[in-house]
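What follows is a set of structures to go through.
In what follows, chain A forms one complex with chain B and a second complex with chain C.
The block that comes next holds the complex of A and B.
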């Protein structure tokens, strides 16, 4: 369904002819399909590149007037950002890319949606600050990280989930009204999410992220943390064998292997209790190997040549200290905990790779190499609960994944889940990453089957591990597990978006 | 060259992570200078990026997209600088740039080659240079007393740019002579290197010209070919093996030769009159795109296993260090590094001039802005096309210096 001439003309009048297109080859750039995702994609009718909140609001009003669905878009890493019904326009927020403020005293940054991790992270780091940069690659939108998705990643051990760092926001509601939340409308600045003023964080963002369903957030303040380590780092070498040089006396990485998840759980809880270390995670063993390889062929050599067994259940620990004494103190506790819980330190040649690539822990470098096996990839679960609970979830995966690995539908890596303790182990995030071969039709079909099975198993066991997401069928299925929150989510959506135009998911 | 179908794996592997548009995380420095794709930065729509072009290629391969509504212009506005390709390949096993080349070939076959590129091809066919200048004048800049060493097995390939920038081959000649390198010129037997043909997807014309050139080099008994043009150098290393067996031929850029001569103490250098802070701009075809192309005709098995194993061109072994070594050897010259340097260098935009002059000018101005931000008083490079772009008029003006010319000016009189 093409846009009507009137609608196109009104939209073009808002952004200017340069920043709107309905040409097929331009639309093709955002007609990206992730074929294994079980909902139907459509071509957007137009793509717009607004330059301001006012332009976004005007576009949204035109969309409501003509019944056009709209999807806010920045990097497009997630499948939620593509047209999922006919009569949709993409509102590409790329041009709204200013860092409006970095407040060192109150530790927050105010950003527009087009600011990427690769841009904000070094700027805050120069000021001795940091934030939880989601595992999406350098081009991911920082704002979307904090507002629209779960936004979790592997350096949150000493911090918390992304939703806890969202402060005041400016947004355009699904009907085109400009709304400011938290301390902002009271003229008190951006520092507070809950007032004085309307505290709508839980509504506009929620636990799993809004995915653009409640309008378009055009400015947001995010909380920052103090960071340990250098304000700027030096990089040597040419990609892909470049290295970030850290002060090795104050930064160390250790990798230990365990023979069962309960021991890993005990180690995580003990380290959290002592509040030591900068990163603690039970990492995916398949990506662990992938990160250390130069090509898929190199991966296969290493995976079948002993890496799989050597790192079958790895606990990765990064220590970043302010002083030598602090590092030694943390190391002493770490080694005591590992000894008591039965961990085995990796051979030097394997562990050294991590010591030489500590940027992975700082800036989530190189992460996309986990996609090296052809791009068939999907994270599951993505929920959070106590460390013990998510470890039990991890333990359960092995009981049903074999049906899929043994039939070749998904990659044979049953322990390929990560657990990230947060707030020093007060709770933890779990992510099951599974991969398949995109050239295998049976595997493509198996993706949906495995997703459904994973949900069913969690429901059966009353596990709080699955992300409710934003697809209606998934919400209906999992909502009862989360106090029927899907009913409230739907009511809120209907109130904010009576015309059902803001990223209406199936 | 290859067909679109050869790159289906790349098309279906892309997870639109955006690494083709942004600097590598480990090399990021701040908000500014973070984009590595000038096409995407300027035009905004994702279709104008490596990711977008790969998606377009897939739709074209599947018969879902036609030329004629501007796609052909978009495709050739891309400078094919390869930044998307190299950054993608820092983490993935995908061929982004080769997919773009295959799409260009598809575009040419469909009869939609933009007019300026068609004209260039006609020039090469008729006059053996991209400008349509008389072939007889290719070496008209050469001093009359120049004596050719016809016995040498090394040749200096001056390239078409000699018509526009004769000071560059003259400088190269001075450097080689000063360093005692025996070489010869090919005179009327030297034709265009063919870069503009193969990079614009004109397979048959490129194949014909490149085969002819390789035969000529062999006929002249050449073992080593030196050039002062990054475009020619990148074509020899990354393009020629796609069409012809270049076995027995070694290709060297003048910066590599000069760096070696300097390291050996074979070039007597004098001090410059004034201190100078310069930023070195890595030409795409000398840096990330100059690795040797090794043909691969294998199969991709499940989960990305390439059989037989493929030799990837990830940009790691380009010519980065030698030009910097030359600059460091020049007393009084201080090298300032830009944020986007080495394999992350931003393209100068030259290759887009014929199709989208406004975008090309913006790209050059953006690169000069970055050079200025590094504290440089001048930008140095070693590619005549980069010279046209960066040394041309436009915003953020900054003096441009060719590396070979700068070095030749520093040779002592006796050299």
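The block that comes next holds the complex of A and C.
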């Protein structure tokens, strides 16, 4: 369905002809790009590039008037950011890319959706501050990470997940009203997400964001922390063969390998109780080997030449202390814990890679190299609970993944999951990343089978291994097992989006 | 009055109230009830004192799950036995419900453990005004609490809505909580309390901002000397002694060491504290000479609840309070307005850094005789200053009584959106009607 002439004219009047397109080649270029995902995706009917909150609100009002579905778009990483039915427009927010404020004293920044990590992170870092930059690479939208996507990142052990730092926001409701949450509407600034009373932060994001179903967030404030590690760092070489180095005695990276996830769990909890180390995580060994190599051939040589075994369950630890004495104190505890839990320090050749790639602990600038093998990849689970619980989830993967790895349906890397604790071990997140050969029809079929099996095994064990997203068929299916949240979500959506135009998925 | 003993009974009470159109108000704490959120003359009271089970204390994953009738007086010793502690308010009364305190977003003493304003609250089970049971975050499922293998500690979700936040600051208007999971922290193996005195609050708010950026202290709170004396004196004579000896403002700052190498941690962090204080032209000292043994007494009190016969805020007979949030930069201006408050009694001010020090909760308590004429004068003075505070940037995030009007009138769009949510979870408006903007 193409837009009616009247609708197109009204939309064009809002943004100007330059910032709207319904040309087929433009629209086709903005379809979902992952063919293995078993949904039907459409080209949008138009793409609009608003320049302000007021323009977004006006667009949404026109969409309501003509019954046009709309989807906010900025990084385009998730399939939910693309048209899933006819009669949909994409509201691309990339022009709204201003850093509106960095408040050093009160430690927050106010940003628009188009601000990328590469834009914001250096600005706050040079002020001695930092934020929880999700592990999506420098091109990701900061606002999307805080309000919509999972937002998990490598340094959340000593801090927390991005949504914990989301403060007041300005958003356009599904009916086109401009809404401000938390302390903002009281004229008290951006610092507080909650209240008055229960407030509206509840509908801004839960575990994930609503992907536009409950509104489009056009400005957000995020909390900043003092940066862990030096504010200045040294870079060498040219991307992708560059190195990022902390020239500081206060910063050290150690990597230990384990043979048992329960021992990893013990180590994480012991370090958390002692409140030492800045980063602690069990990383995936497959992307790690890809990060450490320069080509697919190099990867295969090293993967089969011992990297797989040497780093089967790596516990990555970054110490960022405030004094030499504190660093030594933290090291002493770290080595005690590792000794008690049976960790083995990685050979120098492997461990040194980390000290030369400290961007891993800031904004991961080489993430694209994990796609080097050219196959398909997909994250699974993505849930969180206590460190113990997610380690139990991780341990269970070994009980069923072999049926898929041994038949060649997915890459043979059974321990390829990461666990990142948060808040010094109060919670942890798990992500199982699996890869497959896109040229193999059996493997393509196996993708769906493995996804289904992973979920089925978690449900059978009553594991909280995944959370639900927005109001979509999965939520309708699983909602009855999750406190009937599908019913409540439906009621909330109906109340705020009576015309069902805000990224409908049912 | 209703005295439910379990969730099923709470469901039945709410379902019946819907049928007969009878308003309900929840009460979990033992008196006195200072803010009036749990009092509603047109509603029947649902008293949760019989739902007082401590469901689980988990040392490994550091949490506790309790019913709303569990009080600080009961829980603190049990957690201590398990090697843990709560991040709790300054000297709550022993009969205060732990769950109610967290739901009300009361200020906590250890800002470095508070990542979000809802901390230390993690998950809840609640019955909405519709009579339906719901569990938040990773307590939602899959399956029932009896079936799930999760620790039910993750606060967010399920899905794209942060359901926990419907219940915080809501004064029981969205649903009644039947149990809650709260984050607990490891009990220090070693600790040392420091006092930093200053003539102006601003010196100490700036100091707190720097200290918390570096996550140096555990407990960190700034008190005017009136509040300090009210909280820690045992009688009028001690109170007078403190008032005449202390500087106008005192910061309490506790440094802790844990199981592994506690002396070393303590020594390192003491060094940081002294260094930061010296840079600010202040001095952190382990004792103040006002009263013998004061440091030990203060440290004991800030790690416990108020177990004295008369609650510390009521020693003079009456108290009226307002509290607000602000970012660090705005605190000095608001404190000055409160320092100039003129009314009967003594004006005490407590400034508590929150959420890793990115916000301060300022509480103003007027301690007076409780005489009806004075009550009227104090309430009038607080009402007047509230408007000035609001204009100066105070954020009344959990408004009680007349403050609700100020808090909600400034933005009709967001107020209407909150009412929309209320209509979903309490369609008949039976839960604590008349409170907030409902």
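What we mean here is this: the second predicted complex is superposed on the first by the 493 of 506 C-alpha atoms of A that agree within 3 Å, B and C clash if a C-alpha of one lies under 4 Å from a C-alpha of the other, contacts with A are read in each partner's own complex, and residues count from 1 in each chain.
As a working rule, contacts are C-beta pairs under 8 Å (C-beta built on N, C-alpha and C of every residue); 3 or more make two chains touch, one makes a residue touch a chain.
Please read all numbers here as calculations on a predicted model, not as lab measurements.
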Looking at the combined model built on chain A, do chain B and chain C fit side by side or clash?
-> fit
Quick one: name whichever of chain B and chain C touches more residues of chain A.
-> C
Go through the superposed model and pick first if A:70 touches only chain B, second if only chain C, both, or neither.
-> neither
Check whether A:31 is in contact with chain B, with chain C, with both or with neither, and answer first, second, both or neither.
-> first
Using the superposition on chain A described above, determine whether A:283 touches chain B (first), chain C (second), both, or neither.
-> neither
When the two structures are overlaid on chain A, which partner does A:404 contact: first (chain B), second (chain C), both, or neither?
-> neither
Given the touch rule stated above, what does A:417 touch, chain B (first), chain C (second), both, or neither?
-> neither
After superposition on the shared chain, which partner residues are touched by A:146: those of chain B (first), chain C (second), both, or neither?
-> neither
In the overlay, answer first, second, both or neither for which of chain B and chain C A:246 touches.
-> neither
With chain A at the vertex, the Cα centres of chain B and chain C span an angle in degrees (to nearest 10) of 140
May I ask you to decide whether A:177 touches chain B, chain C, both, or neither, giving the answer as first, second, both or neither?
-> second
Rounded to the nearest Å, state the minimum C-alpha distance from chain B to chain C in the superposed three-chain model.
-> 22
Name the residues of chain A shared by its contacts with chain B and its contacts with chain C.
-> none
Residue ranges of chain A touching chain B (in the complex, touch as defined) = 19, 21, 23-32, 34, 47, 49, 75-77, 92, 94-95, 99, 115-123, 126, 136-140, 232-233, 235, 238-244, 294-297, 299-300, 359, 363-369, 371-375, 377, 411, 435, 437-440
What part of chain B is in contact with chain A in the complex they form?
-> 9, 12-19, 21-31, 34, 44-49, 51-53, 55-56, 59, 65-66, 69-71, 74, 86-87, 89-93, 300, 302-306, 309-310, 312, 314-318, 320, 342-344
Chain C-touching residues of chain A, taken from the complex the two chains share = 103, 105-108, 159-161, 163-165, 173, 177-181, 183, 185-189, 191-211, 213-214, 223, 225-226, 269, 273-275, 322-323, 325-326, 329, 332-333, 336, 383-389, 392, 423, 425-427, 458-459, 461-464, 467-471, 475, 478, 481-486, 488-489, 491-492, 495-496
As the complex stands, chain C meets chain A at residues 60-63, 105, 113, 115-118, 132-143, 147-154, 156-171, 173-174, 183, 186, 209, 213-214, 258-261, 264-265, 268, 271-272, 325-330, 355-359, 390, 393-399, 404, 407-408, 410-411, 413-414, 417-418, 420-421, 423-424, 436-437
